[in-house]
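Two complexes are shown next, each including chain A; its partner changes from chain B in the first to chain C in the second.
Then we have the complex of A and B:
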């Protein structure tokens, strides 16, 4: 349980409304009154995740302390033997008080009621009467607290109110209604204290005080949507949900983010919709509290990226190739036809699955392939590896990144977490704010590196951190030799109470990444951190279920093996092989038959014999295993699209048609089979995954003013898989970094959060934030290639060429060009490769 | 004697004017307060009063109302405020004509009128869509949506007397 009270917490006694309570010393009074006494002190500006500022004055209470003799310090007693209480003459703000022994408070006196009523009246002096059309109406803290503590009658004239800009875009995603703002600064403080992207600010003074954004483009951060949740009025609303529905009409369905290894807990707000054929439709995505995973925040990609589930481009019918054309078919005949094809392959069957397939899908697929006599199960994409080591020296059961703080250390190597797993980057940054030592090692400048060392945007932010810049592609060598080449840093890391190492794959081949992860594991084992709670290894595996791929027997090394020895029949599940990898077409042409299960008619689907539409996370039940090995389940939220069915069902029915046993009837039944046959999943059932517990801070109840609209966790906090196996510190042979010949350059693919993948591009509102394709060069390399910043460049690599803009700056190291994946329609290199860059005068012709 | 008394009553009523109405040819006048079929009203300038706030649907004890809102623009303006009802439907089979929707409406957009002849041969015909509920624009007035000048309609919820 996540609670403010631990074994070694010192407790003090405070008295609330005449009753004594034991609370942890140093806690915030508002938090503690709520946690131990269920006493909801109303607040607007205070938020349990942020420092108190005492700006709104809503939390006024009567405060007193036990009277002591000034000379001796003895407690003074009344005649009847009770201690004397010395009350403050005026009301005090509860949010700025930390609890200490002998504190007395009263929250229900006439004076307190009057104080609250006056504050509400003051806030409403210039608040517009928008409630009927306001997106917050119905779940609005100001509305609720006015009903609870307000006067009920207004003494203000509407015409005298301030009239300001009502629909002001703060960036593309968030709109500001300046009339509604009550100037609590929660949004500003969230961006400053929690995220570290200090892009909002106050402007002007007094009544004219306004929120502005000081970044270009406006509100430039990956976490902007959270400000709309914690805004206590309807001043900040998302463009996505604008007028989408009234909050009381929505049905909340617990779910899990389908994007990255963090596995953010979300709540899908659904409502029937006329334009969606009268089916339930996702109207918005809200965070769901899970203090172990995402606390109460989610990234903007998770919040706004749900549009692909209803995209017009979704595959809705079964497509079977006849010559060069596709024709539609029914499921029953397709199952038989696919089973026949699979049986005729005589065991030469392999499968490649991507990170958005669920545990259930992967288990059924593995059963099918092994049942047919195949043994090759490949994980897509073959860029990241080391899941087996995460299973052995990862964060043990009961760990929580939110508990890292002073005395702890974090090393992030070869990963741009901001772009790969934004939630980890947020939690590691806040861990550093609590006092943890954060080291960022990379071949180029990243946002986390700026935060780790010193952020010039944030004045007075004192952090304990360091940055290591290495030559591009040498991450594994840096990690293996950390104790020699970076003695001080390595010592500080090894001596820390808890140590978390995040080992990404940026600039590394699969072999290089294996060496890096093994070196990181060695470091943890040698320093004695392996197996310790809150210490361990994390790998930002692509997709939501990278660890699930490992546990179900899929590995990226096998994918390489499949490419080297193509099978007769290849089953592809949620892996956009041809869109991701320009070199894949050479080996795919040797595969007789490709069977694709996916969401879209992508390049691999167009080359397939059978294309089977499967359901996304929104339309079905299932579970993902996140990067911290937490198995989390999600529930059916949205109406089905076309003929799509869950992948486990499609695969199970194919197996049934191939006489490999009866198909399971529900996702829960597949999980029962997994628990029985996969050792790591022993004891895990849907019922276990649905368990919840009380979490601190206590947000998400009816008192939305306290924690914002983060929803109470009703869907389960999931179950972390225990560490298994006994990894030993092994000698690592670091493969040589790629060397470019004359006239050539090493291309280093990187991941961008917002890209042009089939899953993300249907989110139209974020499209303007998707970067135009570019190649990033060091000035020295650019000079040799006669390229200036902003020139057009043609990048040639194995399997293709594209024309992109050149970006020239010191942020990348010499000898390698950073070339982000999935920013163009054409496939660009998936793993580091050697290519050439030439200057051109014309941009690429856009293919109609 | 009693029989004569009895027939007196009978003959008296024979001479009186009958109270039976030949419905549907003859229809009695309604009290002003009578609650019949709903109307969606317009302002004098012809724009719709409904802002799509869905409070009628929330107040409806029979769950008979379905509202979906959308945003106005000056190129395509339905109502003077920020939003309007894109979909507005009432299922007349569910409706119990209690008038709570009228009470809940913040802009007096929905009003119960006097039409009472609601009968259908198909369940689906009982769903009255927005086009059936909304008053026709006054003679010579432009229908909605309209293209209007920018900057005229700036309030999120219009003033009832002067919506511009």
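Then we have the complex of A and C:
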């Protein structure tokens, strides 16, 4: 359980309203009063995830301590033998008090009541009281606390009310209403303390005090939406939900982010909506508290990226190829036709599945392929590997990145974590704030590099301290030789109490990534960290269910095998093979029949014989296994799209039509079968996944002041799969880095959080923040190619060419061009490859 | 116009940086330099000061907004701050202030159409004995009356006209 009381916590006694309580020493008074006594001291500016500032004065209490003789220090007693209490003459702010032994507080006296009433009256002097049209109305801490503690009348002259800007866009996503703002500075502190990108600040003072940003372009961090959650009034609203619905109309459905390996717990606020044919529709995405996974935060991609589920481009009908055209069909006949095709393949059947398929989908797909006599199950995309090692030396059960702090160390290598798994980046950043030693190693400059722990004793190549900049593509060699080449850093890592290594695949081929992950595992095993709680290996596997792919038998190495030895029939589930990989069309042409199950009519679907529409995470229930091996369940939230059904159901029915046993009737039933047949999932049922527990800090409960800030977890905190297997420190053979010939250059694909993939592009409001396609070159390389920053360049590679803008800076290494994936509609290299870049002058032909 | 790279200020900037352990601590004196350069603290000035002090521009703007001696509105070439506190008022400063505004045809805090003069009233400038007085771009003009003032205003207007003609 996530609690403030650990085994070794020292407890002290405090007295709240005449009753004694044992609380952990050093805790915050507001948090402790709530945790042990259920005493809700009202707050506006205080937030348990951030440092107290005592700005709003709402938490006023009477505070006292045991009186001691000033000369001797002895406790002074009353005549009846009870200790004398010395009270402060004036009210004190509870949020700025840490509990200590002998602390006495009163929260229910006349003085306290009057204090709270006055603060409310003061805060409301310039508040517009436009609750009837305010998005926060109904779940607003200011509204709640006014009802609970306010006087009901104001002595303020209405003419003296401040009139300020009411629809001020801080960026593309967040709008500010300056009249509603009560100047608690939670948003400012969130950006500063939690994200580490302090682009918000106060301007002017007194009654004119207001929030501003001078950042250009606007307020656009990857976590900006969280400021609207923690805003205790309706001052900050998202462009997505603004004026969209009233909170009391919404049904909260627990769900899981479909985007990345973090597996952020979310709550989908749905309502039966005219805009979606009267069906339940997601109106907004809110964070759901899970202190093990995402605490109370979510990334903007998770918050705003739900639009693809209702996109007009979603596949809603079954499409079967007749010659060069597709015609629609019904499920029953399709099941039969697909089953017939599969049986005729005589076992030459393989499947490739992507990271947005659920555990249930993958299990049923694996059953189908093996039932037909095939044994090749490929994981998409073949860029990241090492899931098997995460299963062995990952973070053990009971681990929590939120507990990393002083004495611990983190190494992030070959990953731009902010772009790949923003939630991990956020949690590792806060771990560093608590004192963890953060080492960032990459072949180029990333935002994360700025966060690396500064250490003047360690001379780095770029900055002094824990930032290692290596030759692009040499991550595996750097990790394997860390103890020799970066002795000081390696020693700090090895000596840390807990060590987490995040091993990304940037600049690496699949073989290179295998070598990197194995080296990282070796390091953990050699230093004795493997298997220790809060220590272990993380891999930013693409998609929400990268670990699920591993447990269900899908591996990226098999994908390579499938490409090398194409089967007669290939089943593709949620893998945009042709959009992602320009070289795939060569081997796909040797596959007789492709059966695609997906969300969109993407390039692989257009090449398929059967295209089956399947449901997204929003319209069905299921489970994902996140990068920390936590199996988490999500529930049906949105109404169905056309004829789409869950993939497990489609696959199960195909199996039934192929005489491979009866199709399961529910996702829960599939999970029962998984628990029986997949060792790692033993004991996992939907009931186990739905288990919740009380979490610290206590937010989103029955109190009146965190309401609308974060949602209590009612859908389950999931279950982490125990480590299995006995990984040994193995000798690693580092494959040779790619070498470019004369006139060529190595292209290193990277991941961007906001891209032009089929799933993300329907999120129109974020479109302006998707980078235009570019290739990033070192000035030396650019000079040789006669390219200047901002020029247009044609990038040629195996399987295609694309025109993009050139970015020139020494943030990238010589001899390698950073070439982000999925920024163009054309497929660009998926894995590092050798290509050429030439200058072009026709900007009109730029892609994207 | 610029603060960065302007020879006029490079020595001053160095001097301010040398006074503090951190560059960010010099933000306030540097803001004064920006104000001197542009006449007010505009976005260009904020960007430049942020760059010099290695701060986020948002924070520089926040500081400029908090302190009233930084002006975030564009001002005329001559920023006239008339003291109208009690002892000055006893010597006719409030009348002087009113007359001056009427003569220049501006409201309180307003700027003349030719962008030459901005007039506002301020609290005590510690020159009561020489009232009516005002502060023009932080330099004192004392023992004033409307005759003197009109002459000075016309002189400045003529200067502007000359500049425009040239």
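The rule is simple: the second predicted complex is superposed on the first by the 823 of 848 C-alpha atoms of A that agree within 3 Å, B and C clash if a C-alpha of one lies under 4 Å from a C-alpha of the other, contacts with A are read in each partner's own complex, and residues count from 1 in each chain.
Note that a contact is a pair of C-beta atoms (placed from the backbone, for glycine too) under 8 Å apart; a residue touches a chain by one contact, two chains touch by 3 or more.
Keep in mind that what you see is a predicted model, and the values were worked out from it rather than measured.
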{"item": "Which superposed partner A:75 touches (first chain B, second chain C, both, neither)", "value": "neither"}
{"item": "Touching partner for A:246 - first (chain B), second (chain C), both, neither", "value": "first"}
{"item": "First, second, both or neither for A:166, with chain B first and chain C second", "value": "first"}
{"item": "Contacts of A:129 with chain B and chain C, given as first, second, both or neither", "value": "first"}
{"item": "Partner chain(s) touched by A:840 [first = chain B, second = chain C, both, neither]", "value": "neither"}
{"item": "Chain touching more of chain A, residue-wise (chain B, chain C)", "value": "B"}
{"item": "First, second, both or neither for A:212, with chain B first and chain C second", "value": "second"}
{"item": "Touched partner set for A:198, first chain B, second chain C, both or neither", "value": "second"}
{"item": "Chain B versus chain C as contact partner of A:764, first or second or both or neither", "value": "neither"}
{"item": "Common interface positions of chain A, toward chain B and toward chain C", "value": "none"}
{"item": "Chain C-facing residues of chain A, complex", "value": "198-205, 212-216"}
{"item": "Chain C to chain A touching residues, read off their complex", "value": "43, 46, 50, 56-62, 65-66"}
{"item": "Parts of chain A lying in touch with chain B, wherever the complex brings them together", "value": "128-130, 132-134, 137, 166-167, 177, 242-243, 245-246, 248-249, 273-275"}
{"item": "Residues of chain B defined as touching chain A within the complex", "value": "51-55, 57-58, 66, 68-71, 81-83, 87, 106-107, 154, 156-157"}
